């Protein structure tokens, strides 16, 4: 129905929020709300538009009908001038009293929450300012013209109701469609973007956390390795002592052996460190329970 | 919203040539009071009536708070077409009506043109 | 519409050759009101031409003819004064046939009192006002009642004048014409006042005391007491010339031939017959009235053409 202007990218930017798990929950709720609202408003707009089309069609018909009715009415006035032989306009104008005979009442009609006024002719039959008009001649024609015009004005009143409904509906439909479009093209994308942003931020946090834990793990490993080495050394020493006792002549050799094994340990630690960085996945698998 | 305003709007107003006014008055829409600004709810406009006068009356009738419907001869509405076109408030409802010498032309009607604009040509 | 209107305006221009070039200088789209205006102008010119040549008693006779239009004009001014309207506007609406020299002076009066004084002193209608209306009546009574009271006075006065001052064939013809005029008003007033709350006394005040209906007191009284159209029909069926009028007009104005039409037709027949007598003043009256009818007919026909109601175009009165 209308051509949409391209919506500025800026409108869809994520909102400025703290990327926390709680905000994520709020945003997810908001998205859901927006989607429900969107479908509701869309349905309202459709209902109104249906009514609107109906009314516009009736306006078209009524306007054409009015043309004919008014012509008949004008003709009845011609009959009056034929009968009275003159113009009664001035007399008529001057006999107007301070209370109109023909008034309208406004009734309300509710269409999808929109109040449409419905005018109704409210004729006070007790008021007749023209009872005397044309007393001498043409009185019957005057009264007849009066009736014809009353009918004509009733048609006009109906038409006015339609027209007012048209104007109001036009307005409401515009507003509703604007809302539908805003939700569809701004609010929903923006909320989605916000959720994506929060998710990415949370992922990022997770990765940082993981790295930190990794680091802690590594330190622990080094410490464990050192402890192991010491234990091994201790064992070796004990072994050596035992051997010493068994083979006292081999003391020198044993001392050499201890020194060598310590050097080996240091080399192995460096290699381990390099390996951790490369094999994060492997470690993550093996030590998944620590992190998650 | 508009519904509240509609309650107090009970009378019709009319701007037109003498015959149209006479007819409308016969139907009984006329009301003459002493209240300032609301003396008469009808105005006879001839071919000599200047557009400023038409405009002033149009303003007067559209701003009065007791008028529900304003009837105006189409040939007069043509003179102040811009103002009629740009009057979009729901109240009072403005109806363009034919006069004896100027038959009704749907192509000129402000509201019908809006209808057409919205739906193409239906 | 524009096409048809141009079409028929050209048509009307050529067909109404009797009126000479009366429509020749109209540039704008020809509308019914313009035609009517021009026709009336022509009638007034004719009338004034004859009047300027007239000597007594014709001049007086023609004065009397203008009095009926004066009544309308004065009432126009009275209405205007009551509602404080712009007098210049009202003067423009006055019928030129009922114009008299002091009419503009009437229009400068501002209140009813001075208006009443002026009417009593300055206008040819003074005697009618003097006889039947007081200053209070102007204020209290409906303008239509005043109009009809004045008209009654006028008819009676005219009638007296005709019988007293005019030579033989004229007075007879005028008696017929004026009697019918009076009867027509009587019937109309009775019908049109059926729905109103006028008392029979008030009605009696408006009913002329001349004419066929008035000559019979019983009928006149019954007329003023009428309560519905049926009774009127029954009453009228006893009155010779008028009994046919009500046969085909079943309800007010609903049939193709209304009561009003019957009246007009009868009146026109009387007028036509008035021409059959030679050397009478009544010819002038008949001429004016026939011309008026002609104007109405032309207006009617133009109206029918302008408004696409061609099926009703023949509903005019033609007797010649």
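All chains are identified by letter, namely A, B and C, in their written order; residue positions are counted from 1 within each chain.
Just so we're on the same page, a residue touches a chain if its C-beta (ideal position, glycine included) is under 8 Å from a C-beta of that chain, and two chains touch if they have at least 3 such contacts.
This one's a predicted model, so the numbers in the text were calculated from it and none came from an experiment.
Among the pairs A-B and B-C, the greater number of C-beta contacts is found at A-B.
Placing every chain at the mean of its C-alpha atoms, the farthest one from chain B is found to be A.
Chain centres here are Cα averages; for chain A and chain C they lie 75 Å apart.
One inter-chain figure worth recording: chain A and chain B are separated by 41 Å, centre to centre, where each centre is the mean of the chain's CA atoms.
The distance from the centre of chain B to the centre of chain C, with each centre set as the mean of the Cα atoms, comes to 35 Å. Contact with two or more other chains is made by residues 32, 307 of chain C.
Annotation for chain A: residues touching 2 or more other chains are 71, 74, 78, 87. Counting partner chains per residue, chain B has residues 100, 103 touching two or more of them. By the touch criterion given at the top, residues 1-3, 6-7, 9-12, 18-34, 40-42, 44, 68-69, 71, 88-91, 93-95, 97-100, 103-104, 106, 109, 111-112, 114-115, 118-119, 122 of chain B touch chain A in their complex. Taken together, the chain B residues at the contact with chain C in this complex read 100-101, 103.
Against chain B, in their complex, chain C makes its touches with residues 1, 29, 31-33, 306-307. Contact residues of chain C toward chain A in the complex are 32, 72, 76, 79-80, 82-83, 85, 90, 93, 95, 142-145, 147-148, 151, 184-185, 188-189, 191-193, 195-196, 206, 252-253, 258-260, 292, 296, 299-300, 303, 307-309, 312, 316.
The touching residues of chain A, counted against chain C in their complex, run 71, 74-75, 78, 81-83, 85-87, 90-91, 94-95, 131-141, 143-144.
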